[in-house]
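In the two assemblies presented below, chain A is common to both, partnered first by chain B and then by chain C.
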Partner chain A sequence: MKINYKQLSVLVFMSFISLKLLALPSLLYVDSENMSWLVALVLMIVDAIYVFLILDLMKKCDEKNILEFMNKCLGPVLTRVFLLVYIIKYALVVANISKGLEFFVVENFYNEFNWLVFILPLMALIGFMTYKGIRNIARVSEMINLAIVIGCLYIAFQSFSSADPTAYIPMFKDGVTPLLKSGFNHLSWFGSASFMMLLFGKVDFSSEKKWTMIRYLIFAIVLVQIMYYVFYGIFDNISATHNFCLSDISQFSSQESSINELSWLIVALWVVAQAVQLALYSYCMMQAIKFTFNIKNNSVPIIIVMAYILIWSLVGENTIGLERLFFTPFASIITILAQYVIPIVLYIGYIMQNRKRNAGMKKEIKSVIKLNPSVNVNRIKIGGEK
Partner chain B sequence: MGMLVDAVKTFNEIKTKLHDSSDLKSRQVQFFGTRITICYIAPITDNNLLNDSVLFPMTSEQVKPKEKVVDYLKNSVMSSIEVTEHNTIDSAIQKLLTGQTLILVNESDKILSCDTEKITVRSIAEPPTSVVIKGPREGFTESIKYNLALIRKRVKSEDFVVNMMEIGKLTKTQVAVVYFDSVVDKAVVKQITKKLKAINIDGVLDSHYLVSYLQEKPHSLFKQVGDTEKPDILVAKMLEGRVGIIVDGSPIVLTLPFILIEDLQNSDDYYSQPIRVTFVRILRFVGVVLAVLLPGIYVALEKYHYKILPTEFLVTIMNTTQGIPFSPFLEILFVVLLFEILYEANLRMPQYFGMAMSIVGALILGETAVNAGLVSPPAVMIVALSGITFYIIPSEAAQFSILRLIAIVIGACLGLYGVLLFCVFVLSYLSSFDSYKSAYLAPASPYIENDQKDFYIRKTISEMKKRPKSIANNHKNMNRRGKNED
Partner chain C sequence: MKKIKSLFTPKKLVIWICIILLIFTLPTINKPAMSETQAIVTMLCIDKEEEKIKAVVTVLSPGQDKQAKYEVFSATGDTLASTVDSIALAIGKEMGFAQCEIMAIGEKLSEDNIMKTLDYMTRTKKVGKNAILTYFEGDIEEFAKSITMLAMEKSLKLEKIINFDKEYILAEDSNIESFYKGFFSDISIGIMPKVELTSEQKGNAIEVSSSGSSSSSSGSSGGSSSSNEGSSGSSDKKYIVTNGSTIVFKQGKKYYELSPSDVQKVNLFTNSSDKGTIIVEGVTDHIYDDAKVVVDILEKNSKIKVSFDGDTPVYSADVELIVFIDEVVQESPTDKFLVRNQDFFTEALIEKLKEKVLSSMNEAVNLIKEQNMDVLDIYKNFSRKQYKKFTEYLERVGMENYLQGVRFDFNVEINNEY
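Right, the complex of A and B next:
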C-alpha cells in the first residue's frame, strides 16, 4: 500500500497549510502583533528544510519501517521513547484539529449544534479512512487539493483590495524578543513534516520529479503568506479577536456584503480539508501506537484513536481548555523533539551506521584482496555505491 | 466406446440420455451396404445445411470406399467445414446439443459430428443504450459467432486472442475472453480466466450473470465491470489493455478492468471536435454532482442554513413553500419517490402507453401536486433537474439514485456538514477500490499525468501517443504508434 512521491508532496502541502489558516493567525498576533507573518514564515521555512532532511532519510532507508530503522540505529528502549513522543505529538494535533473543526462548523454553519451529531459521523469517517490506510488518505487529498488551493486564492484575492498595507508598519517595534516568544509558544502548530517519519518504506520514489516537492512547499508558504497579508491587513489591531482566518476574511470581502454564495462553498471545502487532515494525523497516531506497543492488527489502535477523539470532544468543551493544552511549553517541547530533534538524531544514527558498515566492508575487501591480488577493486560495490 | 457398436443401439442410447426428447430426429441411410443413422435436434439444425453437407453427398456418392466407412465419410464425402470424430457418446451429445448433426456408422467405434447449426439472430442494429450522432452504428447481437465476426472485421491482427470456454452446468453457454496479447496485462487475463472457470451455476442467460463473479467487491453499490453493446467501443477498450468477455445469448459484452471515468466518456467523444468534447465532459462532471447532491443540499439549506442563500432567492423560496404541509425533507423525499415510480413505470410499460404516461406523470401529477399545495415548485424543479442530469450518464443512474437518497437523508439529519462528510466518505470509499490492478478513480487519483489528455479535457487522437496508464496493461508496449511516427 505504497503512496507515490506526488501524493506525498500533496500530503506535505496540505499539512503545511491546514493548521495555519484558522485560529493560528489570531493567536500569533497576541505576542508578535504585525510581525506575526514573519514568525510563520521562518518556522515554515525551517519545516521545509526538515522535509528535505526527512525525505533524504526516507530515500536512504527505503523498504524499512520506522521500528526496524530506529531499532537498528538507536536500540529498542530509545525507539519506544521516541515513538511515545510521536504519540503525544499526534494526540495534540488530532485534538487541535478536531476541536478547531468543531468550532469552525458551529460558528459558520449552525445556530444550535449537538456535539454528538458532530463527532459521531466524523469518527465514522476518520475511522474508515484510517482503516483503509495512508494510500486512501493520500488519494482523497490528491483529489481535493486543487479545489482547496483555488478556494483559498479566491477568498484571498476577493478581499485583497480591503487589506491595508500600512498595518505592517512600523516593523520590529518591540524588537525580536516578542517574535521569539511567539514562535516558541506556538511551535506546536508547526512541525508539519514529522508525520513523514511514520511513512518509512511506504513511498514509491520511482516517479519522483526533482521539483515536485519544492514547488509544493514554495506554493504552500506563499499561499499562507498571502492569506496572512490579507488577514492582518484587514483586521490590524483587532486580529486577535478573529478566530477563523479563512471564513473571517471572506466575510470582509470587498464584493459581498455578507458571507454567502461562493465563499460558502470554499468554507465548506475547508471542512473537507480539515476532515482529511484529521484522518492523516489519526493514521499517524495509530501507526505510532501500533509500533510502540507492538500491536499486530490495525483495529485496536484505531479504536484507541477513536476513543481518544470522542473523549477529547467530551472533555474539551471550551476553547480555553484546548488553548491551555496546546500552547504550553510542554506542547512546544514535544514538537521540538518530534519535528526537530528526532530526525537529526536518526540522520546522525544513519550516517554512523553506514560508516560502520562501510568500514566492515572495507576490511572484508582488504582480506579478499590479500588472498586474490588479481581482483579489480573498482568493480566492488560498498553500501550500494561503487 | 472402444468396440464396434450397432448404430441403432447407439442412437437409442443417445435418445435415452436425452430423455426421449421429441425434437431429437433421425434418419436411416444405406451407404454401400453399411447402415448409417443420422441424428440431429430439429429446432437448432439448419435443414438446408444438413441436406447440402451431409445427406446429399452421402446419397449421391458413386465410388465405393476402399478405406473404413467412417474415415471415407469424413475425408471424402461430407462437405461440412467442421467434421469431428468422437470416441464417447457424451462428447458427441455435447455437439448434438449445439446444433451439430451426428453420423452413427454401424459396426464402427467412432461417431462423426458435422456443423449444421442454425443461427437465428436478429439483424445488426444500433443499440438503444449507445446511440451516437457520429460514428459506427453497428451493435452486438445475441450470437457469439456474429459478435466475434463484428470484432474480427475491425481487427486484422495476429495479436487478437479469443479464449473460448463453457459456463453453466445445464446451459453450457459459450463464453469468449478476448484481448490483444501484446497489450494486455497477462496477470489480469489469468485472474479473469480463473474466476470464470471457477463459476459453478446451472445456467448463464446473459453476460450480467457473470458480473457478480467478476466483481472484486460483490456487495458494493458501485459498478465494477464495464459493459458495451458496440464493437467499436470494445475494440477501443481492448486497445487500451482491457479484456472483453462475450457471452452467447447476450448483446452486452463485459470489459475489465473498469474505472469510473469510463462511464463519463462516450464513443461519440472520439468522433467529435475535442473542444466541444471537453465542454461536454465538464458538463457531465457537473451533472453527476448535481444529480447526486442537489436535493440533499437543498434540504440541508432549507432546514439549517437558509442564511447562506442570497436574500432574493430566500424570499422566493419562502413565498413558494408557505403552506406546504410537509417538512423540506418529506417534501423532497415525496417528489423523489414519485419520480422514481414514474421512471420505473415508464420503463416497463408498453411503448404505446409511454407518451400518455409522460403527460400524466410529468404534467398532470406534478402540476396538480403543486397547485394542491402538497409540494412546492422549487422542490419539483430541484428533483427534476437532478433526475434529468442522471441520464447524462445513464449507465450510472441506478447507483446514483441510491446515493441521492442517502444524501437527502443525511442532509435532513446533519445539514451541510453531513453532506460534506458524505462526499468525503464516498471519495474515500471509491479511492480504496482497485479493479484488476487499476485504481477506480484514476487518472484523478492517483493523478496520472499521461492520462489527463483523455480525462475531463480531451486532446486530439494524434496527441494521445501513449496507452493509458490508468488501466493495467503491458507497460513495456506503451506507444500507440510506431517509433518512426513518434
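Right, the complex of A and C next:
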C-alpha cells in the first residue's frame, strides 16, 4: 500500500515539529542561550534541503525499495552497513520519543504514574500501526495534523504578547563557537528527513503538486520558530529549567484563564502526535531490520522493535550514562551519517551507476553501428531509465 | 512463528486484553482514594522561628458531603524539606503541591537569602509554576489561618485579589517563575507584592476572623506539627491589607519596601501595569477655579529607549497616557460644569498633569538611584540593546555604581479618552 505525495508531506511536517517542541529548546539554551532559535533554524533548513534530495532519489528509485536501490547503486556490503546505521538512527529516535513521551506524561499529567500501564497499551497500538503499514500511519497523521497546528498556534498566541523581544539580543555575544557546539551536540533531535529513506517505493508521485512539500516545510519551520520565539521570550534566562516547551508555554499565562483546560486538551493531543511519530519511526526501524537481516515477514522485526521500546521504558530511567552515550557525539555522528552522508553517497552511487550503464550502452550501440552502418545514431536514445 | 501468531488471533486478543485489564485494574480497586494518601496543599507559608524553618500549609480536604474543608497544619525543622516531611508524618499523608496557588514568604525568612529555602520547591515537590509568590508580615500561623478564613468566610481568594491588582502593582507576574528570572539575572533583583496582617483597620483592609484552637505533637525530624480546622474555634478580628506595597529583594534578601505611592511612580515607566489615578490640585483657568482634579489612567504606552551620549548612558522614556476626568472637586462648582460637550480637558489641566507625571517620574528615578535598586530593568535594557558600550561603561564605573551615571530623559504626552 502506497501513500500519496500529500500524505508524505504531512509525515515530513509532523517529523519536523515533533521532537522540537518538548525538551529541545531548553537543552539548546544551555550552550547557545539566546541564539538557540538560530541553531534550530539553520539545522531545520538543512533538513529541508535534504528532504528534496531524498525526494529526488525516491523518484529515481524506479519503484524499488531501499534495499534493492542501494544494492543496485552501492553494492551489498555498503548497503548492509548503511542499513545498520539507519537501524541505530531510528533506534535513537524511538528511544528519544518514547523517553520524552514518558517524562511528558509523568511530569504533566500524573504525579505517581506506573509507566507500564501507559506504555503497554501504547505498544500494542504502535505494534498494530506498524504492522498495518505506512499508509495507516500517514492517514492518522493527516487526521490529527490540523488540530495539532491550530493547538500549537493557540498556545503560542496566548502568551505571544508576554514574550520579551529583547531576550534575543545581543546576538552572537559569545561568537559562533557555542552555536556550532550546540548544533553538533543536539543533532540527534534533527535529521527529520531520515525516515524518508525507508519509504523508497512506497510513495505514489502521480498526485504530486509542486508547492505541497515546500508549503509544509515552510510552515513547519515557521511554526517551530514561533513557538521558540514565545518560549525564549517568556522564560528568558531560565529557559534551561523548562523541560517541556509546549506545556510550559501553555501553563505560563493560563492562571487567570477560564479556558485553561483547553490548553491541557491540546497538550494531551500532543501525546497522540508523539505516539504517531513513535509508530512512524518504529515502522522505519522495523523495515531497516527486515532489510538488513533479510527477514521475510514483519512479525519478528515488530516484536524486536516493541521489545526495544519496552526495555528502554523499563531500564532507561536510571541509566543516565546510557542516555548521555545516546544523545551526544555518538548520536550526532549517526545522524550525520543517516541524514547527511548516506543520501549523498547514494546519489553519487546512482549517478556513477547510470554513467556506467550509459557507457555500456554506448559501447553496445557502437558495436551495433559497426555491424550495421545504415543505423541512424540520432534516433537511438542514450541513457535514462528506459 | 505460526505458534506465536496463533496466540494473537482476534478472539484470543480479546482474552489477552481482558487479562491485561484484570492485572492492572484489580489492584487499583483495592487502593485507597488518592485524597486519603495525598494532601492537596493550596497554600504554603514559610518563615523563620528561632533559626529554624517554620512552614504552614493549608490543605484542602474533599468532604463526603461535597463541601470542601480547609485545614491548616504547621511544623518547624532545619530545612524546608524536613519541615514538610514533619507535616506529612504528622498527618499521615504525602504533601502534594501541584495545586498550591500561593507561596507566602515571611518577614524573618526574608532577612536571609530566600532562594536557599525556595530551592527545595524547584527540586522535589514542584509547586505549579504560576503559584503566586507573596511576602507577608505578621505571625505565620495567624496569616495562614486568616487567608484560609478569607476564602471560607468571604469567598475571596488571595491569589485572585493579587491577580486583579496586578495591573496596579509593580510585581506584575508575582509568581515563582518571574522571581527566579529576576534572581538569576545579573543584578539579582526580584519583587513580590506585600500582604499584611494587622489587628487594626487600615486603608484597603479586609476584615477576617482568625480562629483559635490548635493542637501540637512532636515530629520525628526535630519539628512539631499542629493542626487547626479553619471552620471551627473561637475568633478575633484581623485585617488583611493588600494596598500595592511591593518588596524589592536583592540577592534573595529583602532590600527595600516600595510604598503604594512609590509603586505608582515607578509604574509610569512600565507597560505591564497600566491602571492608576493622578490627582492634581490648584487647576485654574476659564473652567476650573482652584480645582482638585482626579483623572483615571485608561491606557499607558511607554516607550523606553537606551542610548549613549558620548560615554554617558541615556535612558529615555516616552510616556503617553490616555486619561479621563474622574472627579472634579471645587469649592464652588460653576454652571460651566453643566454645559454638555464642554471640553474639560483644558490646556491648564494638561500642563498640571504633565508636571505631576514628570515630577513623579523624577522622584522614582531619584529613589532608584538613592537605593541603588534597578527595578526598571535599566541594566537589562542597556546590556541587551547597547551591549558593547555598556560593557565598557561597566568596566569603567563598576557593577555597583552603574545606576548613578545613567542620565534620564522623559517625554510625557497626555491625551483624553477620545
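Criterion: the second predicted complex is superposed on the first by the 356 of 386 C-alpha atoms of A that agree within 3 Å, B and C clash if a C-alpha of one lies under 4 Å from a C-alpha of the other, contacts with A are read in each partner's own complex, and residues count from 1 in each chain.
By our rule, contacts are C-beta pairs under 8 Å (C-beta built on N, C-alpha and C of every residue); 3 or more make two chains touch, one makes a residue touch a chain.
Computed from a predicted model, the values in this text were never measured in an experiment.
Trainee: Which partner chains sit in contact with A:4 here, chain B, chain C, both or neither? Use first/second/both/neither.
Mentor: Touch status of A:4: first partner only.
Trainee: Once the shared chain is lined up, is A:173 touching chain B (first), chain C (second), both, or neither of them?
Mentor: It touches chain C, and chain B stays clear.
Trainee: Should A:241 be classified as contacting the first partner (chain B), the second (chain C), both, or neither?
Mentor: In the superposition, A:241 touches chain C alone.
Trainee: Per the contact definition in the header, classify A:351: touching chain B only (first), chain C only (second), both, or neither.
Mentor: In the superposition, A:351 touches no partner, neither chain B nor chain C.
Trainee: So, A:129: does it touch chain B (first), chain C (second), both, or neither?
Mentor: first
Trainee: Once chain A of both complexes is superposed, is A:299 in touch with chain B (first), chain C (second), both, or neither?
Mentor: Touch partner of A:299: chain C, not chain B.
Trainee: Using the touch definition from the top, say if A:117 reaches chain B (first), chain C (second), both or neither.
Mentor: both
Trainee: When both complexes are superposed, which of chain B and chain C contacts more residues belonging to chain A?
Mentor: B
Trainee: What is the shared patch of chain A, the residues that chain B and chain C both contact?
Mentor: 117, 121
Trainee: Touching residues of chain A toward chain B in the complex: what are they?
Mentor: Where chain A meets chain B, its residues are 4, 6-7, 105, 109-110, 117-118, 121-122, 124-125, 128-129, 132, 135-137, 139-140, 142-144, 259-261, 264, 268, 271-272, 275-276.
Trainee: Which residues, counting only chain A, touch chain C once they are in their complex?
Mentor: For chain A paired with chain C, touching residues are 111, 117, 120-121, 166-167, 169-170, 173, 235-238, 241, 248, 251-252, 254-256, 297, 299-300, 303.
Trainee: Could you list, by residue number, the parts of chain B that touch chain A in their complex?
Mentor: On the chain B side, the touching residues are 304-305, 307-310, 413-418, 420-421, 423-425, 427-429, 431-432, 439, 441, 444-447.
Trainee: State the interface residues of chain C toward chain A in the complex, per the touch definition above.
Mentor: 1, 4-5, 20, 24, 96, 98, 122, 128-130, 159, 163, 175, 177, 180-181, 184-185, 380-381, 383-385, 387-388
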